[in-house]
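Chains here go by letter, A, B, C and D, matching the order in which they are written, and residues are numbered from 1 within each.
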Amino acid sequence: MPGVPPARYAYLGPEGTFAEAALRSIPAAQKGDLLAMPSVTAALDAVRRGDAAGAMVPIESSVEGSVAATLDELAVGDPLMVSREVLLPVSFALMARPGTGLHGVRRIASHPHANAQCRRWLALTMPEAEVVPALSTAAAAADAADPGSDVDAAIAAPIAAAHYRLEVLAEEIEDNPQAVTRFVLVRRPAEPPLPSGHDKTTLVAFIADDHPGALLEILTEFSVRGVNLTRIESRPTGQGIGRYCFSIDCEGHVDDTRVGEALMGLRRVCPDVRFLGSYPRADDSSPVAWARDDSTYRDAAAWLGRIRNGRV
Amino acid sequence: MPGVPPARYAYLGPEGTFAEAALRSIPAAQKGDLLAMPSVTAALDAVRRGDAAGAMVPIESSVEGSVAATLDELAVGDPLMVSREVLLPVSFALMARPGTGLHGVRRIASHPHANAQCRRWLALTMPEAEVVPALSTAAAAADAADPGSDVDAAIAAPIAAAHYRLEVLAEEIEDNPQAVTRFVLVRRPAEPPLPSGHDKTTLVAFIADDHPGALLEILTEFSVRGVNLTRIESRPTGQGIGRYCFSIDCEGHVDDTRVGEALMGLRRVCPDVRFLGSYPRADDSSPVAWARDDSTYRDAAAWLGRIRNGRV
Amino acid sequence: MPGVPPARYAYLGPEGTFAEAALRSIPAAQKGDLLAMPSVTAALDAVRRGDAAGAMVPIESSVEGSVAATLDELAVGDPLMVSREVLLPVSFALMARPGTGLHGVRRIASHPHANAQCRRWLALTMPEAEVVPALSTAAAAADAADPGSDVDAAIAAPIAAAHYRLEVLAEEIEDNPQAVTRFVLVRRPAEPPLPSGHDKTTLVAFIADDHPGALLEILTEFSVRGVNLTRIESRPTGQGIGRYCFSIDCEGHVDDTRVGEALMGLRRVCPDVRFLGSYPRADDSSPVAWARDDSTYRDAAAWLGRIRNGRV
Amino acid sequence: MPGVPPARYAYLGPEGTFAEAALRSIPAAQKGDLLAMPSVTAALDAVRRGDAAGAMVPIESSVEGSVAATLDELAVGDPLMVSREVLLPVSFALMARPGTGLHGVRRIASHPHANAQCRRWLALTMPEAEVVPALSTAAAAADAADPGSDVDAAIAAPIAAAHYRLEVLAEEIEDNPQAVTRFVLVRRPAEPPLPSGHDKTTLVAFIADDHPGALLEILTEFSVRGVNLTRIESRPTGQGIGRYCFSIDCEGHVDDTRVGEALMGLRRVCPDVRFLGSYPRADDSSPVAWARDDSTYRDAAAWLGRIRNGRV
C-alpha cells in the first residue's frame, strides 16, 4: 500500500542478539524497520513516545541481562501492554573470522551469562582457551570480527554470525539444551488480541500492607476461580524495604469469564492492579486442566438468574 | 376484600407453643387461619401441597425438639424457600389452674427440653416438686388445665396460659435469659423479598467427595468475596456414612453482587446447591463489616470493562 | 472378682430405646448396672457426679430428639470426654400385644420422629391406621403393652418388644434403610484409648470474633495438616446472637502427630478449644487417604533437625 | 595469632563495585583477602571448592546485573547457605580524572543499569553528554581513569573513585534515593547463626506438578503459622516450560518453632525443599506483628501434652 510506511519496532540491542531473533520471528516485524536500543528502558520509551509500534524485550530469561528491568519498567510509568510472547531456545555458537578454525582459537569473547551457560562445553573442548568478557554476545561477535582485536572467537547467538560475517565453528554448545528465553512484544494500550484458547495474562498487583497472608489473599482470588499462575515474582516498589508488588502471569485471557472475575477480585482487595495484557502463549502446551471453563461459568450465571427470580 | 379468603398458615404445633407465637408476630398471619401441625414435615408438606401459604418452623433452637428435621426437610423433596425469620426469646412461665398458687404445686408437667432450661430455678424455688415429662410444652399446659390429671402445673411458653386458661405463677423462669429460638417462615419458591440492607441467605451445598479441604473449598467461595457465614452444619445425606452436605446461612441477599458471585462459585465446585431463600434478618445487628460492598463490585466491573477494551 | 461392684452406666432413657441398645452393644456395659435417665443432661450429670462410669447419649441422629443437647452439654460445664462411639441402624418395628395381629391394629402410638421415618410404609400398608404421638418410642411401646390403653400397637426400636413383651408384627419398616444414629459413650476426663489406626477426635473451638474468614482460619488448621473433618456444626454460645463456637469431629487420634499439630494450631488461633476425646470410629470405613501420615511427619522432623544443625 | 592465615572472601567483581563495598562492611572480611570474581557462579564455586570462606553476591537488586544467577546457582549444585545479608543504598557518583571538572565532561562511561538509574539527573544536568556502555560500573571507572580512552567520566559506585584515583564531580545522582541492593554472604553449610530476634530464612521449594492452587498450598504452610514472606519468585527449573520452583525469603529463624513447623509442612507437601540459611536481617525494621510467637507455641504444646494425658 503506497504511502504507508512500514512499522518500526524497537528491540533490546545490540544487533545480532536474541531479542532481534525474537523480533524477526514475528511476521509483522519482518517487513518493518527494526531499531536496536541500548536498554530495555530505551526500547519501551520508544514505544511510549510513539517512535515504535512495539518493542521486543526479554521478560523471563537466564541470558542477556536482567529481566527485572522489564518487569519494573512495565509496572510504572505510562501504561504499556504485552500483545505477544516469543520463546527462543537459548542456543549458542562459537564463531570466528573465516579461516580461523577451532585450533586457532585462544581467546574467546563473550557476555558473562553466555559464558556461564557454555562452561561445560568449554572445559571439555577448549580447556586452554581464555574467556574475555564483553558487553553483550553481539559485542563479543563484533570484537571477534575485528581483525585488530585481541580475541579470536566469540560465543554468541547464531544470528550474530551472519551479522558479523563470522564462521560458525561449533553449534549448540550450551550446557542445558532445554533453556529458553521468553520475550514479549510490548505496545501502547489497545484492545487485546482475541482469545485464542491458549492465552496468558500478565499483570502487577500492589499490596496495601505487608502481613502474613497478604500474598495468600491475592493467590486465592486466582485459585478459587481455577486460574493457574505460570509466573510470580515479588518486586520491591522502590518505596522502601518491605513495600512489595507482585508481578504475575496467569493462564487464560482477560475476556475469559474466570480470568475477568479473578481480576475483579484482585481489584477489590488490592489498592492498585495494573493489567499488562492478554496474548496467545508461545508454547503449545495445553493449559492446566480445570473444571471451571466458561461453560461452567455460564451455567452458574444462568442458575443465579433463575434463583433470583424465584425459579428453582 | 370480599371473596378473598384469608391465607392459611401452618406451624409446628400443638397450639400454645413458641412456633405459634412466632407465627402470630407476623402481620400477614394475624388475620390468617393458623394450622397446628404435628411435625415439621407435616407443616412443610402442607405448604408443598398448597394447603398453606407458609409454614412457621424452628430452624435453630435449643427447645421444642430438633431442628434437624427442618434442615433435612428443606434439603430434599420439592423445593421450598425461607421468606422470613423470627427470633423468639426462649422464655418460660410456670402456670396452673386458677386458684392453685405456688404452694399448691407438687407435680409439674413439661417437655424435657423446657424442664432442662429451668433446672436452676426449679432447684432453688421448688426443690420438692416432681417434674413429669410431656410431649410438648403445650401438652404440659393441657395436662395442667385438666382437673382430672395428676399434675398441678406446667412449664410452658407464656402464650399457652391464655390458650389453656391457666394462671401464670412465675414468669421468665429460664436459667439463661439470653436464649432465643429462631423460626423461619417457609413458602413455595418465589422471587425473594427485596434486599433490605441487612439480609440473610440460606442454602444447602452438597459435596462431591469427602476429602481434607472439601469444606475449605466451599468456605473459600464465601470468604474470598467477603461474605460472612452465620451458621454452618454438616448434615449426613442419608446415602451412607461419610456422605455429607452443608447447611449454611450467610449474610447478604442473593441480589447482592458479592452473594450472587459466591453462590455461582459454589455452584461451580459443588455437584448440587439448593438455594433456600434470602430474607431480612430478624436481629438488628449490623452485618459484619467488609470492604467489598456492591459499589466496590461495580467499580471493579467498570475497570474490567475498560481493560477489556484496551483502556487503562 | 468379689467385692468389686459392677460399673454403672447411664443412658438416655427410657428403657427400650435405641440408646439402651447402643449401650448394650458394649461388652463392659453388658455386665454393668444400666440407668435410664430422663434427659441427656441428666445422663451426663450422673457421670460428672461420679454416679455412673459412663453415659451413652446420641450425638448425631435423626431420631430420639435433638442432639443439640449433647453438643451443648459437652461444650460447657465440667469437662467430659467421649471414649467410644456406636453406630446403630435406625430400624423400627411395628409391635403389639400378642394375639393382636396386623388386622387388629387401628391406633398406633409412636414418637413423632419415628412416625416420620415410617410414613411411606404406613401409607402403603396401613393407610387406615391412626397414629398417636408418644413421648418416646419406648413410651409408645409401654402404651401398646397396656391393655387399658386406647392404642393397639407401637412403632418402636426392636429392643422395646422384649422389654414390653410385645409381638413384632413387621420389621424394618423405616423408609430409609441407610439411616443410622450415632451414640457416644461419655466419661470423665482420662487418657484417651490408644490409637487404633482408624480413630476420630471430637472438639469444640470457640472463635474470638465473627468475621468473614473466621471459620476458614479454623478449617485451614486442619486441612493444611491433611486432617479430614467428618462433622462440623456452628453452635450459638448462648452469649448473644452472632457469638458462635464450632463443634467438630475430625479423623485421627490426638496422639497422631498431624492431629496434635492441628489441635495446637487451633489452640493458637482460638481463645478456647475444648478437647472432647479420641476414640475408634465405629464404622469400618478407612480414613480418607492423605499423603501426610505419621512417617511423613517423622521424616520432616528429622530433616528439620538436620538443617538446624547445618547438615543438608 | 601467628600461623593462621586471614580468611579469603570472594565477591562479584570487578573491584570497585557495590559487591566489594558490601563485603567490606563486614568486620571479618575487613582483615581478609578479598577476591574479585568474574561472575556469581565463579564466586560461589570458589566457596564450594574451599578456596574462599564465603562469597558476597547480590540477590535482590536493580543494578549490577541479574540476580537470577544467584537464585539459580543456590537452588542447584552442592549446597550452600546464606549466613548474612547486607543492604547497600544504590548511590552513584559521577567521577573523572582530577582536573577534568564538570564542564570538561563530554562522554560518560557507565553500565546500562547505572545509566538507567541516573537518567533524570543526566537529562537535567548534562543534557549534551553522550553515555557509552561499559561492562560494569567499575569497568566504566577504569575507562575514565585511562588517559588514553575516549571517555571523560564514569557513573560508578562511590567506592570506585578511590580505586581508580578519580575525582568525584557529583554525588547521589541516582533518580531514586530509596533504592537499595541486597547482597548475601554465602558459605558452605554450617549451623546457622543463633536467632537474633529479627531474622530471615531463605529457601527453595520445588513443586510436584503445576495446578491451580499449587503455590497456594505452599503459601498456606507459612500463613497458617503466621510466618510472613518478604520475597517470592517462581523460577523455571530448567526441566522444560511449566516446571517451576519457588525461591522464598520469610521472616524468622529456622530455630523458631513457627518457622520450623512451616518448613516441615513444606517438606511434607513438596518433593524437595532446599534450606538456604537463617540470618539476621540487615534492615532494622521489626518483623511483621503476629499473635503466634514462640510462647504461644509453647503454651499450645503444653496444652497438647495435658490433653494427651487426659488432663483438661
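Assume a contact is a pair of C-beta atoms (placed from the backbone, for glycine too) under 8 Å apart; a residue touches a chain by one contact, two chains touch by 3 or more.
All values reported here derive from a predicted model rather than from experimental measurement.
Q: Which chains are shared contacts of subunit A and subunit B?
A: none
Q: Would you kindly state whether over half or under half of the residue numbers at the subunit A/subunit D interface are used by both copies, giving same or different?
A: Same: most residue numbers at the subunit A-subunit D interface appear in both copies.
Q: What rotation angle, rounded to the nearest 5 degrees, superposes the C-alpha atoms of subunit C onto those of its identical copy subunit D?
A: Roughly 180 degrees of rotation.
Q: For subunit A and subunit C, let me know how many angstrom lie between their CA-based centres, rounded off.
A: Their C-alpha centroids are separated by 60 Å.
Q: Go ahead and note the Å separation of the Cα centroids belonging to subunit B and subunit C.
A: 23
Q: Mind pulling the residue numbers of subunit B that touch at least two other chains?
A: Where subunit B meets two or more other chains at a single residue, that happens at 220.
Q: Applying that definition of touch, give me each pair of chains that meets it.
A: A-B, A-D, B-C, C-D
Q: Along subunit A, where are the residues that touch subunit D in the complex?
A: Per the touch definition, subunit A meets subunit D at residues 38-39, 41, 60-62, 65-69, 72, 87, 112-113, 115-116, 119, 133-135, 176, 178-180, 210-213, 215-216, 219-220, 222-223, 226-234, 236, 238-242, 244, 283, 285, 288, 290.
Q: Tell me, which parts of subunit D touch subunit C in their complex?
A: Residues 79, 81, 189-192, 220-221, 224-225, 254-255, 260-261, 263-265, 267-269, 274-275, 291-292, 296-297, 299-301, 303-304, 307-312 of subunit D touch subunit C in their complex.
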